[in-house]
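Consider the two complexes below, in which chain A is the common component and chain B and chain C are the respective partners.
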Partner chain A sequence: MALELVNKLPYDHPYRWDGTAVGGVKLWRPDELGADLALWLDAADASTITLNGSNVSQWDDKSGNGKHVSQGEATLQPQYDSFQLNSLSTISFVDDILGTSSPLSEVATDWSYTGVMNFTESNPSTADAFLSSNTSASGTFQMDIRSVGGNNALSFSGKDDGGENNTPTALYQNPYNTITGILYCSVDSTGVKTSFNGVQVDSSTATFRTGMTVPVRLGVNRSVANFLNANHAEHVFTTSVLSTEDRQKMEGYLAWKWGLEANLPAGHPYKSTPPTA
Partner chain B sequence: MLELRSPLRGLSGPIRRYAVSVPTGPWNPAQLGADLALWLDADDSDTITLNGSNVSQWDDKSTKGRNFTQPTASIQPAYLSTGLGEKPSVYFDTATKFIAASTASDWTFLHEAGGSAIFLVIQLQPLGTTAPRYILITRSSPTGILHGIRDLSSGAFPLGTLFENGSTTLPYSPAPAASTPVNETHIIEWEHGLARTNDFGIYVDGVEKANVNYTTAPVGGFTADAPLRFGSAQMYAGEMVVLDVLPSTEDRQKMEGYLAWKWGGI
Partner chain C sequence: MKYRIFDTEQEALDAEAQVALDIGCVKVGVNAKTGEAQPDKQVTERWAIPQQIQDGRWVFVSPDDEGVEAGDDWWPQEEFIDG
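And then the complex of A and B:
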């Protein structure tokens, strides 16, 4: 099986990601996107995690933009490595929050988000969110859980260009609490598109291009009131909508890293092998 | 061969020309030079001599010529073309089967203070017994080293070493910290040497799982009384590389990277 032994090497092993010197290949990673990379949080990279006991007080941004997320209050700090995906550490949020200290200004009009999540809450309240950059009065963005047609659905929502709150897309229907997968959404002048495990699941022509005006928060919704308990594996924001090729590489990278490649659809270019740089 | 000319052309005196050997291609164990004591590679079918579908000889790809043989057909391992994923393997389907080198004195370095390392790519199968299965042995009796694995009923499979110098039998250790799952392919390394912080170490997939010091008897000072033997447990074997020195961290990681990408890369 591809990467069976390579994935077992330690994360910081000198040949874990680039095996060209020893007969392997260089695997594609988000830093191949260069300046388009706005925020990159990777729970598998222990060197980016600052612990307060077993809790996470800071999770460092690997994009180079220094948009680390942190939490100074111990009771709101998530736990590190209590849940693993593909033998890799995740960060477990249970009524916890990590946030940037300033808005993600790199994300303006056109952008994308890709993440790997494992949702654990069995009975969420409406509007519980795992990622947001809003307040109730302003801002643009939230990944949350809402009631859609009587079912709970993960959704993208926010304040559109016309100033109205909008819930345009549903990422996945019940039972969301068993979801482990790759989430993707893109925002540009044509609207919003959302994908789950490499398959587009919804779209809207509503536009959300006013930029993020408040810090990004993990674990809670835009009003900082509704928590969505989940294990966070990786989050990546880019400053433009990914090309189809780059989106598929991102999905392939995340799938092969977190052991989700079997969830990619037939025909996905990285269903049987991971992307290379 | 790359030829370099001296840049000092404007100075007086003869212009010297230098010839420098530049290795080509990716790193492989041959680049360890004289430190390479054994290299068995199931992915190189030219090194396998078959008796039907069984392996009667597995040739050493190092310069030492320490080929492993098994003349008795009933205990010869099988050669499978797709045993480890899509790669071939030498398959030991019972614990009675093994293959061995020919000269005991070739393996004295495995017991010396200078150190040694054995790298394996193997997939162990359940042992079916709590008794140790010694995968690598240089002992008939009473001196030698035995690297093996045990099947504890708890589901743990500790790797370990039994080190005998004729008067002291050191415990089957280090265990159980080096436990490794069965039915999965792993890179396992046993290494020893007084240059280590502790004499013995076991790495699994590039992670140090055991690091112990045998204080009751020092490493070294005796010779093996049997040539190195490989097998005696149910397993698929892909590659074995033995060094007659304690590898540097850099060389250990190169070996791990080489084996990982070859046997479990793309």
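And then the complex of A and C:
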């Protein structure tokens, strides 16, 4: 089966992703990373969502590590399928929180994060976060909207290993408008690197505790005070910094799945076709 | 968003438990794809955890129009964009 025909199948059709059963190609997915996959949350996969009415009480981890995110308090549960990207469901957070019950202990040293988000934020006065560690201790992180170099930016920030607030690393500058994009950041002993829609945006030498010794939360910052209202599509954590090849495959997978391929830069290897396994 | 406000934590806990009972929010969730009950997944356990505000009283989010708007001085200071 030609790749073009595989791509026309519905997202939840079994042969969309594994065309080998009908003699076609198999599209690349995060589970191709094997043991490097630490956490994989996919809002488009309804089978991984537990609902309380229209609200989400649990979003299952597809990595196989059982690091599901959940919320037992009704007023803090995000809403399912009130916003779609490329006709796929997302999870909408409005002052809501989902979190793992245990640390991502699979992440022993270095790690990376790739995700797809949609949100609108205008000139925030506080560091509103969509993803964070669940404490404000040294070496913990958050991804938020704040000022970087005089401009508001979607950024990666936190406290370094010495407990000092680090200089935030920008993911996207001046997000005064609605943003839909592919976010990537990597953390290792040399610092932090960030990309947006397949283009490296920023880097820093901020040293975080490499590894993840505390649980993670979606929807709010480390001190549980600053919420970023946003639509969450997909989040993937890996247990190492992705190689350039794997990072581009991840970007290609997310871009074609969520209808963002036009946002990839010219010259990106998956600008014209999705990655195959 | 309105809040119900109480002098003591116990009063707030009792009131929150009654709200949860009245609106039936404590329940087992269902799978978004199949609609089947999922007792092994996160159960919705309560409506809201009462929080203590700066003046010592206790509040939780109201499920309806009963209650008062949050005061500017209710919560601990937020984290500002200082790096």
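Keep in mind that, in the parts below, the second predicted complex is superposed on the first by the 249 of 277 C-alpha atoms of A that agree within 3 Å, B and C clash if a C-alpha of one lies under 4 Å from a C-alpha of the other, contacts with A are read in each partner's own complex, and residues count from 1 in each chain.
The criterion applied here is as follows: contacts are C-beta pairs under 8 Å (C-beta built on N, C-alpha and C of every residue); 3 or more make two chains touch, one makes a residue touch a chain.
Everything numeric in this text was worked out from a predicted model, so none of it was measured.
Visitor: Per the contact definition in the header, classify A:Ala277: touching chain B only (first), chain C only (second), both, or neither.
Guide: In the superposition, A:Ala277 contacts neither chain B nor chain C.
Visitor: Taking the superposition as given, does A:Val94 touch the first partner, chain B, the second, chain C, both, or neither?
Guide: Neither partner.
Visitor: So, A:Ala108: does it touch chain B (first), chain C (second), both, or neither?
Guide: A:Ala108: touches no partner chain.
Visitor: For A:Val25, is the partner it touches chain B (first), chain C (second), both, or none of the two (neither)?
Guide: In the superposition, A:Val25 contacts chain B only.
Visitor: More chain A residues touched by chain B or by chain C?
Guide: C
Visitor: Considering only the touch criterion stated at the top, classify A:Ser223 as touching first (chain B), second (chain C), both, or neither.
Guide: In the superposed model, A:Ser223 contacts chain C only, not chain B.
Visitor: Note which residues of chain B are touching chain A in the complex, please.
Guide: 26-28, 85, 121, 185-187, 205-207, 253-254, 256-266
Visitor: Show which residues of chain C lie in contact with chain A when the two form their complex.
Guide: Listed in rising order, the residues are 20, 25, 27, 29-34, 38, 41-49, 60-61, 75-83.
Visitor: For chain A, which residues are in contact with chain B within the complex?
Guide: Interface residues on chain A, with respect to chain B: 1-10, 13-15, 19-25, 273-274, 276.
Visitor: What does chain A use to touch chain C in their complex?
Guide: Those residues of chain A that touch chain C are 46-47, 49-52, 57-58, 60, 68, 70-77, 80-81, 89, 124-127, 146-147, 157, 165-168, 221-223, 225-226.
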